[in-house]
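Chains: A, B, C and D, in written order; residue numbering restarts at 1 for each.
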Amino acid sequence: MKLRVLYFARLRERFGVGEETLDFAGATAADLVAHLQTRGGVWAEELAAGRAFRMAVNQDVIALDALLPDNAEVAIFPPVTGG
Amino acid sequence: MKLRVLYFARLRERFGVGEETLDFAGATAADLVAHLQTRGGVWAEELAAGRAFRMAVNQDVIALDALLPDNAEVAIFPPVTGG
Amino acid sequence: MKILVQTDPFDLGAEVAAMSRGRTDIGAIASFVGLARDMNEGSGVAAMTLEHYPGMTEKALAAVVDDACSRWTLLDVTVIHRVGRLLPGDPIVLVAVAGSHRGEAFDACEFIMDYLKTQAPFWKKEETMEGDRWVEARASDDAAAARWQAS
Amino acid sequence: MKILVQTDPFDLGAEVAAMSRGRTDIGAIASFVGLARDMNEGSGVAAMTLEHYPGMTEKALAAVVDDACSRWTLLDVTVIHRVGRLLPGDPIVLVAVAGSHRGEAFDACEFIMDYLKTQAPFWKKEETMEGDRWVEARASDDAAAARWQAS
């Protein structure tokens, strides 16, 4: 499936990318995280198990076992700190 | 002792007086209430035991057993309803 | 700290801006505006007149604010209460509380309103179709004030 | 209901006045302004930059306001959150809630702030003497939001 993946705040800066389009063979958010971890370096570090990051699919926060629909807008970001 | 006695809101309207100066032979707020009750009519009615009124002496709310200092400013008024 | 009793309207934006002007230590300002409604206890209200006890009013409001300052660490407090004749939609009372963090500002603002309602010598008289009437004190206001004593 | 994300400052007085204009059924407007402070976690902060997730931000704020409207009977709600670079003393966020009575207005206003802090995709980066740093999420904010689930 095709995914548009967005990164925000500290993760955007550490990854050095704000947005990318991926061809992705997995099914769930966890599969996507595992795929990104294989890039190594800051990707493996920031997305390691136990690290505090959040994910949204089509602008709704989701859990790691959520299924990703084709052409989804997926976002990965740190816990929010507005207000 | 001499007292300046103020009435507010519904009590002011019912008594038909907002302020008066009294020569008073008693000692406590309860004595003053008893004295005013002897006027009969609306005084006896509004200041009867169990009626909801409040008293202040020199602008502090007090209880009926409080002693009244000479030349005190005494106020009698309904429960407050501002805000 | 600023406490005013006045017939004139107040300007919420100006009052809150004045609290933070020239300061960089305030993180939170909680504020409250009470307004005159066109209905009370099932009757239409055309207007209301607020009476107060000059002298004691300011003293009672200052005591409520002092009480709040002893319970929370507050950076500034403004209380303005109007008196005289007001129409439905008119603002009656403003309470604004500045603090470092939001929790204390919210709590202190609500505390001051709850205590003001039961401690400050103001009385409302409403003009209704059935004639003028003095507003009766509410048990719910006593209950709102009492809950701060338990905590 | 009005929800805005903007770089420009907001005008608390104008926003609150707009909520009650032409209405006579509102008895209470509770409002909150959060401001940028010059200190955080023991370091001086010279400025901060707020980043957000355009599209999701508005959706998340609307969801928080809808949640508040399902918990309390509210007459109007305004939420304005600024983004971009802000200096100490600058207002960051405004939440204003109009209701018939003060209890629900206060509760809903604090609820919306607590949920906004944990649900809406905003991130703060601070400029300090030790360099730039992303603000970490606070356990106290999670706790503030969680207490609304028990009640």
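Note that in this section contacts are C-beta pairs under 8 Å (C-beta built on N, C-alpha and C of every residue); 3 or more make two chains touch, one makes a residue touch a chain.
Keep in mind that this is a model prediction, so the values were computed, not measured.
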item: Each chain counted as touching subunit A and subunit C at once; value: D
item: Where subunit B and subunit D are represented by their mean Cα positions, the distance between them in whole Å; value: 48
item: Chain centre separation (subunit C, subunit D; CA means) in Å; value: 23
item: Distance between chain centroids, defined by C-alpha means - subunit B, subunit C (Å); value: 26
item: Overlap residues in subunit B, where contacts from two or more other chains coincide; value: none
item: Junction residues of subunit C, two or more chains touched; value: 34, 113
item: In contact (per the touch rule at the top): chain pairs; value: A-D, B-C, C-D
item: Contact set on subunit C toward subunit D in their complex; value: 11-14, 16-17, 20, 22-39, 88-89, 91, 100, 102-103, 105-106, 109-110, 113, 144
item: Complex contact set, residues of subunit B against subunit C; value: 6, 8-10, 12, 52, 56, 59-61, 75, 77-83
item: Of all residues in subunit D, those that touch subunit A in their complex; value: 34, 50-53, 55-56, 59-60, 81, 92-93, 113, 116-125, 134-138
